[in-house]
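The two complexes that follow have chain A in common; it is paired with chain B in the first and with chain C in the second.
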Partner chain A sequence: MLDLKIHSNEIDKIGKFSKEEKDYRIKNLNYFNDIGLPNKKDEDWKFSDLNAIVSKNFKKLNLKLGKSDNPKINFIKEFEHNYIVIINGKLTASDFKYEEKNKIDLKPFTNEDYSNKKENNPLVNLNHALSHEGFFLEVKENYKFNKVLVIYYFYTDDLDENLLNSKNKIKIGNNSEIHFVDFIVNESKRNFFNNIYEEIILEESSTLKNIYLQNDKSPGYFHKYTKNKLSSGSNLSSFIFPTGLKFNKLDLEFDLEGENSVCNIQSAAFLNEYDHQEVKTRVNHLYPNCKSYQKVKNVLNDNSKGVYQGKIFVKDVAQKTDAYQLSKAVLLNERSEFNSKPELEIYADDVKCSHGSTSGSLDKDSIYYLMTRGLSKKESTKLLVESFLNEIIESIKSSSLRNFIKTKLENQLKNEHKKH
Partner chain B sequence: MLEIKNLNASINNREILKGLNISIKPGELHAIMGPNGSGKSTLANVLSGKEGYKISGELNYLGKSLNEISIDERAQKGIFLAFQYPTEIPGVNTSNFLRTSLNKVRKAQGKKEIDALSFLKLVKEKSDELGMDEKMLTRQLNVGFSGGEKKKNEILQMKILDPSLIILDETDSGLDIDALKIVADGVNSARDKKKSFLVITHYQRLLNFIKPDFVHVLADGKIVKSGTKELAMELEKTGYKGIN
Partner chain C sequence: MSKQNTNIPQDYKYGFTTDIDNIKAPKGLSEETIKFISKIKKEPKWMLDWRLKAFNRLKVSKEPNWQKPKYPKINYQDLYYYSAPKSMKDKPKSLDEVDPKLIETYNKLGIPLNEQKKLSGVAVDAVFDSVSVATTFKDELTKKGIIFCPISEAIQKHPDLVKKYLGSVIPISDHYFATLNSAVFTDGSFVYIPPNTRCPMELSTYFRINAAETGQFERTLIIADKGSYVSYLEGCTAPMRDENQLHAANVELIALDDAEIKYSTVQNWYPGDKDGVGGIYNFVTKRGACRGKNSKISWTQVETGSAITWKYPSCILQGDNSVGEFYSIAITNNHQKADTGTKMIHLGKNTKSKIISKGISAGKADNTYRGLVDIGRKASNSRNYTQCDSLLMGNKCGAHTVPYIKNKNSTSTIEHEATTSKINEDQLFYCNQRGLNQEEAVSLIVNGFCKDVLQQLPMEFAVEAQKLVGISLEGSVG
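== the complex of A and B ==
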């Protein structure tokens, strides 16, 4: 097994910190070292034994990063957008050419709060201990973005068994609105482990729409923890299209901290080869009259593995909560695997909560029907997979984004088609 | 066109077709009638190439054996089955599907793919003939279609794909009188010297509109009686118990 105790002198190698910050980092490192990389004995990691996965695929985890030249980014041409470029976790460029500059504040991330505790997820402590890159984006009050913002997360080709920790914070002021795309671009050829911590704050009556997408396959192992905080009247939609990463776990927490806040989480993934993908959500209904909606669709091919753990927590005061959760998985062969664990924890009595989960193979009668109309078995399968996942894509309102994502999915399925 | 000799078919160790013989020449329309559970849909399925049956006997289409020919290849070679119960397929747009299907069949037959505009024209013409609302075609394939609408959609596909051997499995069941006439007109206008039809039905009424050249009675997996359209009228009076 890989020894993952990290020595506190690694912190000194990252940078010079105030005593307070160093203390904070050391404490967090100790919390992490107590547990190490979580394994399947930990309920939250039951289906994704990170310790085993990392031990199997990494000889070491380098904390030190080579100094890579700034790579050339191929910007998306299909639609006009603002952008931020993050290279190996570091904020390196940005352009808000479609916006009013004084409404936006963007800077590298700096710690301000040194309170610390042992987190449920040890990778969060690991991040607090070691992250020193990332960004802080603030949208001031009463401002609606004119164009979408694309955040390019670029990973360079000189990564080699590196452990990257970075931290981002996004704050959206009262009555403001922003749509952004997390777009992951990979040049790396070798394994690396990327651990992101993210905080998203929606102030009153603000709106955030977010799309999570990858440009290409990657040897990267990804973990991201996001804390979303929704004030009253705010509205968050998150569309997750996670495909092509060897390992990816998104641990997403949503605190509905004010009345009439709404969150909508939808995911569509096509996994193949040995992809391992987990979406874990926890939605905390803390105030009355809030709504949450989750729909997670997975198609699994080859030896891929998908996991969905979704928890809805409703506090006693959170009356008139409306919470919905659905997971649907299609397994294309016997070697693929899907695990789903829905959980409801409800302390209020006047609530509407429903959840459901299905998994199985594609409907044989549908394939038969399509074949009697001249489509081959592969084409029929592809059509059914595409329409299964398109349901999620269809609910994206912007047609240029919708088409961009559709084309990505189509290409992915086309490549799959050629492969076999 | 189609030559079936001593066809046996079983599924899950149950024998369903037990030595069935039929021969259909180009231009002919054959009707098959028979009690529930006698094997009519099974025959249609076997002709379409559906998997899961254990089959023996001879199946020849256009002079060649259909053994080893897959479902999609049969469709591409011009065999069309209108289903007794068309499958609902969520998420698949009806019109896009029709176009994909048509282009697959055309390509296999060495024809050029049809462009979007010509396709729309073709669909409009054919759906008008069937009194179908074109808006239906923007919907998901068969999802939420009424029984009659599903049947009309099958006939629309038949008209668009222009196949050579057409098997209609109880296409008349569930249609109102007007729809029945429209569908019958659809079949009649598609009839020509090169096409053959195998029409499975329970009702003589349909055969008043589309005149069969031959009528067969299928019972317990075999053709027990064959005749002309008078046989259908006789059956209407006597029922299946009266024959033999």
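== the complex of A and C ==
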């Protein structure tokens, strides 16, 4: 077992802090050190034993930050976009050439909240203790973005067993709208661990759409916790295509804090060769007349492992809630594994809540049908997998973005196809 | 609807106590208590050693606390672990020798042994507190080679069978309450069905907790040998008392090749009064092993009583082509809490399981379905179907669904669906329009909601269960 006890002098190495901030960091570090990396005895980590995974793949974790000089970035050419560049967690460049500059505020993240709440997730405590770098983006009231914003998360090739912690905050003002893509580009060929904490605030009647995407396969170990707060009338859609990381856990929490707010989470993943992916969601219906919709699709190949833990919580006052949760998984290989825990916790009676979860192989009749039409077994499988995942991609409205994601997925399937 | 949600106290018609002298073990949990129980049961040494092994294990194991319904700490030293009616000391040889007062209790419960013997054809092994009072129909069963007796008798008369199977499904180190039961269990039923025998009648046990400050720890062991079939019924009641009483039973089922066991429970322990005072803590471990090929175990449960119900009747599907089923209705009203469900562990090839769970919450109650479906690497072509429906009445109660679904086999299929809703206003209106009052309408709709499960119950229980569904929800709708 990798013993990960972090000494408090590591905090001094990050920078000089006010007494208040330093106390806050030390307190959180102690919380983390008490528990360490969570293992499967922790209910939230039941299906992803992080302690075992890290112990198996890392000799040691260091807290070095990695270089932050400007590397060459291949910007996406397929569609016009604004961008922010984050290198190893640090905000280094940005360009909002399609937008009104006075409506946008972007700066490095600085902490202002020192509330001493003990988090349930030790990695969040770890982030509170050691976070360094990150950004704060604010979209002012009544502004609608003209073009999509791409946030390039770039990881440099010198990363080797580093543990990175960064914090981001995004705030969308009343009646504003933004679409953005989290685009992960990793140059490192070695293992490193990236731990992100993110807070997203949607003020009244605002709209946010985001897409989470990797450029390529990479040996990164990622954990991201996002707290989303939705005010009344706001609308959030999240599309997650978390393919290609060695380990990835997205822990997403949505607080529906105002009436008529809507949240929509959809995920499609194709996992391969010892990939381990977990999508964990918690949707808290705290006010009446809110809607939430979740659809998570996974295709698992080789020794991969997929996990979905979803929870819908409905408070007693949240009448007329409409909440839906669906998880579907296809296992292609006898060594792959899929675990799910779709949970409902409901305290209001006038609600419509349901969930479904299936896992199994591809339909044999469908494969047979395609083979009678002259396709080989491999081609039939590929076609069926593609159409299974495409259902999620199809629900993206922008055609240029949709095609970009489709191409990424097709390339991935093609590579797999060649290999076998 | 929720405004008029008045809690008219429901009538717990089994809330009487019977005034009988009891022999009790010394209060508290200790080696002496265990030795006392073992001695009074005239147990052989191996059984005492087994109990003590469990007791030693208990000392190092911790009470679990992950469950949803929390309860005040139980003081295990403040309980009586053995309580038997005094007149039982010299065991009666036939029903005529049974204390008339006991017989009267059973008559109040609606299980008149004498009458049943003649009319219904149900053989009853009635457990009153901790001792089996009398077992009916023994002769007829003996002719077929079926063994149906108190487990204490089986320990003496059929030690080989007991030694071979006791603790083979629920090992003594399993978890806190199972270990506690292994150390202090007092009585329970033992059933053995020989190969290729179909048990000619439904076997039945009636449990009742009578004495104050006692825990009930019965142990049931059912073995269905190759090609046999048995249907087993279990019913439970307890008197009204202000303090909470603990019930921690263990039930082990073993089905060998081609055998089938059907286990039905109607649980109507005292649920506490409308303010949540008193009631039974029902922390039971029930587990069945489909050891043989083509074997089948089916659990059906109607849970209407208990202050807290916390149990997961499970199936371990070891044999190829074996089948596990779980049908459940859990009704909670007032301050009742339930955390129940099942575990289906698929190990053999072509194994199948089906889970139908109906949870109904009213008043200030909390009802949780928690279940596990686990398909192992080697369980090719296995299949599971799960359906969990919850019905909420009022906005002070809760309904929760916590399924754990694990699939490690690409040729197997798991399907799970769950819904939560309230009673449809249109359906209520339609019933009202046809002349049914609100309460009758709700009872009708709820019975319809539960139909899939009620259908699975044997005749004798189906009628009682349907009535119970109505009684349990009395006063929950205005």
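Points to keep in mind about this one:
Here is the rule we use: the second predicted complex is superposed on the first by the 416 of 420 C-alpha atoms of A that agree within 3 Å, B and C clash if a C-alpha of one lies under 4 Å from a C-alpha of the other, contacts with A are read in each partner's own complex, and residues count from 1 in each chain.
Basically, a residue touches a chain if its C-beta (ideal position, glycine included) is under 8 Å from a C-beta of that chain, and two chains touch if they have at least 3 such contacts.
Only a predicted model underlies this, so the values are computations on that prediction, with no experimental measurement involved.
Comparing chain B with chain C, the partner in contact with more residues of chain A is C.
Judged by the touch definition given at the top, the superposed model places A:42 against neither chain B nor chain C.
In the superposed pair of complexes, A:368 makes contact with chain B only, with no contact to chain C.
By the touch criterion defined above, A:348 reaches chain C but does not reach chain B. When both complexes are overlaid on chain A, the residue A:338 reaches chain C alone and has no touch with chain B.
Common to the chain B and chain C contact sets on chain A is no residue at all. Those residues of chain C whose C-beta lies close enough to touch chain A in the complex are 2, 66, 377, 390, 392-422.
Across the complex, chain A is touched by residues 48-51, 70-72, 74-76, 80-81, 83, 86-87, 89-93, 97, 100-101, 104-105, 108, 157, 161 of chain B.
Against chain C, the residues of chain A that register as touching in their complex are 43, 46-47, 316-317, 319, 329, 331-334, 336-361.
Residues of chain A touching chain B in their complex: 363, 365-366, 368-377, 379, 383-384, 386-388, 390-391.
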